[in-house]
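A, B and C label the chains in the order they appear, each numbered from 1.
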Amino acid sequence: MVDLLIRLQHIDRRIIYSLVILSIGIPILIPIDLPVFVSPEAKGLFEAVKTVPEGKLVIIAADWQAGTQGECGPQTRAVIRHLFQTGKRFAIFSIIPIGPELAQKIAEEESKGLGKKYGKDWVNWGFKAGSPLTTLTSLAKNIPGVVKTDINGTPIEKLPAMKNVNDISDVGLIAEFTGSGVFEYYLQRLQGVYGTPLVQGCTAVIAPEQYTYLQSGQLKGLLVGLRGAAEYETLSHVMGEGRRAMTSQSLAHLLVMALIVLGNIGLYASRRRRGASDGQR
Amino acid sequence: MEKVAPPALFQNWLSSHIFTPLSGGTFYIALVGSVIFWCLFLFILQSLPSPIRRRLLVVTTFVAGLFYSVEFFWPAEGNRLTGYVEPLGVFLQIMGGFGLGIGIISLCNVHGKAIFRRQPGYYNSIAFFLAFVLMIVASFWQHYVKPDTSMEAVAKQFYSFMFDGLYVPLDSTVFSLLAFFIVSAAYRAFRIRSAEASLMMITAFIVMLGQVPIGMALTNWIPADGPLAGLRLERLTNWILTGLNAAAFRAIIFGAMVGYIAMSLRVWLSLEKGTYFEKEL
Amino acid sequence: MEHASPAAYVVLPLLSAIIVALIFRARAGAFIFIRKIPGIEAMEEAVGRATEMGRPILFSVGLGGIDIITLQAIEVVGHVGRAAARFRNRVIVPLVDPLAIPVVEEVLREAYSSQGAQEAFRSEDVRFLSGEQFAYAAGVVGIMNREQVATSFYFGSFAAEALILAETGQSVGAVQIAGTPSALQVPFFITTCDYTIIGEEYYATTAYLGRDATLMGSVVGQDFGKILLFAVMLLGVLAASVLGPEAQWFAEYVGLWATGGGG
């Protein structure tokens, strides 16, 4: 029995990975809707979207890539859905090449169910090459001059959603979604200079660093990982990817804790055996 | 709100006399002339004695850094340098783009040698070349294919296969490995060997439970408005992340930033020491 | 902020003056003490271990381009290269930025030449993998498994791929030493690496290794700079505590001072 307990310290990696697959995979096949507590930062983001002034544009900065679409995708989808539901026009934009394409797919999927039209209810400015700092500085002063055409090559002035959008004063909110450190560009060149409200959806890995901006008031709201998406979906009364994944995330967290406890049981057992054998000598 | 800066020093003259877009024969003459000029310049630079080359490098580094420092400290109103920030940023971006060529040469060199010498695992290098060529073909084809032709659909399907079918899932898959690695790393690392380790483990447990619905359900019975509301797992987690964690992050970031400033100063003033910085020119 | 705020006008020149003054003081011969940093002390031993096992060393300089953080990492590559060259061992440096290739190649070549081991240097050991984060991670994981590296160094700015690299290093049995100013990745490195160098210790690494007066003076300057910032913070906290939350004028004044009127 003691030998078995001692072996708990060295559980084979393959067993651990198999348990991870089962704990995440099974709830995906059998989804259970668990109640989600909404954090103050998610509420802050929801309120910021809700209170965007009439006639102002929202910028969805999709600064995420394929690797982080597991977390940033559902967050972007939840916010885009909310924008569609509240009739607020938005523009997808990014300083990372792949982001606009991925966000465009999300917007197209969400627009179908809500009868929204591209060009009228939303536009996609695409990826703007160049130094992010200079791009954002120029964008703030002259949006049509920097954007020029949308992701399909259509001149921006031909799109109804871009009517009366000239500079940063016509933007009511910047919602930035990212898994990397590009958020500071928006803080430096837009929120910090013009005071434009800024909210963020980020991966759980980088979230600890973002709380400092939340506390200082530079960020009006924050969605953290898949849980953030689940919180936003709860506020929007929608059963989306985030809420569906909460059971998987819960089981995975419980698995981690169980493994930690087992590892420590093994450590304790081996210490006791060592202590007993030292005593015998 | 932002104060408008006047045009930069000599910017209008330079834009209308030197940096004007060229076309046709003038463009090719200018291109050849630039190549000859810079080859001559490099030749002269190589012929100079080493101490003079070093002095030149020190002066150039100092002037380049001085530009950005002065531009930053000079107030926006009346700033005669801000106008150059964007063109310089674009110039640096173009220079950086040429670096891609170095990268491609390096990749072809390494993998080409592996195939040529039939080194162990050379089939991976064949796969690299295959993927490299196919992705280039797919991207250029879908961009340049004649619209409204039968090939347009084929080109777009091919691109979609390469990007949506291969690249996006591969990128997501590598990121998803983190889920497995976090579990195995936590299992291996969280062992109670000291008081600090115990404290860290308890904190980790609280935060992990507080992030998921199953964990939050454990303290759901505590009234949300009562005096003990702070003991609800989600509130405790929020306090740990926004209070303790944010403070610790700020402390680390302050230290790292001061170190960053110190090293930047050393590089700018050419005081930096080391193999690369003290190399004989 | 696009331009300096009132706080930046005061703090940045003051910090710079302190750092430069202490550099020149150290160059004039003042005695400088830097406490022991276990991670840096262990570098030589880690390189020796790789040589004993007859396996190469891997050195990742992170995801950054040619910036201050990567330049610091490249200096450490030089030190590790010199130690490895003594034993004619290989140092494999996978890169994210192609512009770093000639820089790292030159540093390593110099390191091997200084130890009379030019023939042991292989230019294909300094290789560009990809500009994409996870493609780079996948490439490094592949190198670690194929080459069965005995020692891994991670110095530079890292993002989510840090744990992928470090955990793979664990699985191949490598001794791992990490140094990064990326605060977010520190926990991952601490759980997987044998030694981790955190925050400003990262910038003290070359000073510690080379014991050069300029670098040592700069490290002391950094410490004085931190003391200055700490004093300012303490003043602010005391003032806010004494004045209380009703004193909105104080919060507005501090905001104006810090941001110059922007958001």
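The definition used in the following text is that a contact is a pair of C-beta atoms (placed from the backbone, for glycine too) under 8 Å apart; a residue touches a chain by one contact, two chains touch by 3 or more.
Since we're looking at a predicted model, the values are computed, not measured.
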| item | value |
| --- | --- |
| Pairwise touch network: line, ring, star, complete, or other | complete |
| Pair of chains joined by more contacts [C-beta pairs], A-B or A-C | A-B |
| Centrality ranking, top chain (CA atoms only) | B |
| Interchain centroid distance [CA atoms averaged], chain B/chain C, Å | 16 |
| Mean-CA-position distance for chain C and chain A (Å) | 28 |
| Distance between the centres, which are taken as Cα means, of chain B and chain A, whole angstrom | 20 |
| Multi-chain contact residues (two or more partners), chain A | 13, 65, 67-68, 137, 193-194, 205, 208-209 |
| Touching two or more other chains - residue numbers and ranges from chain C | 2, 132, 134, 160, 183, 262 |
| Where chain B touches two or more other chains, by residue | 2, 171, 174-175, 178, 182, 184, 186, 188, 190, 249, 253 |
| Contacting residues of chain B [partner chain A, same complex] | 1-2, 85-86, 89-90, 92-93, 167-172, 174-176, 178-180, 182-184, 186-188, 190-193, 201, 204-205, 208-209, 211-217, 234, 238, 241-242, 245-246, 249-250, 253 |
| Of all residues in chain C, those that touch chain A in their complex | 1-2, 132-134, 159-160, 171, 183-184, 259, 262-263 |
| Interfacial residue positions of chain A with respect to chain C in the complex | 13, 65, 67-68, 137, 179-181, 188-189, 191-196, 203, 205-206, 208-209, 218 |
| Contact set on chain C toward chain B in their complex | 2-4, 8-9, 12, 15-16, 19-20, 23, 65, 68-69, 71-72, 74-75, 78, 97-99, 101-103, 106-107, 110-111, 124, 127-129, 131-132, 134-135, 137-138, 142, 146, 160-161, 163-164, 166-167, 170, 181, 183, 186, 188, 190-192, 198-200, 202-204, 206, 210, 212, 214-215, 218-219, 221-222, 225-226, 229, 262 |
| Residues of chain B that touch chain C when the two form their complex | 2, 71-76, 79, 82, 96, 99-104, 106-107, 109-110, 113, 120-121, 124, 171, 174-175, 177-178, 181-182, 184-186, 188-190, 249, 252-256, 258-267, 269, 271-277, 279 |
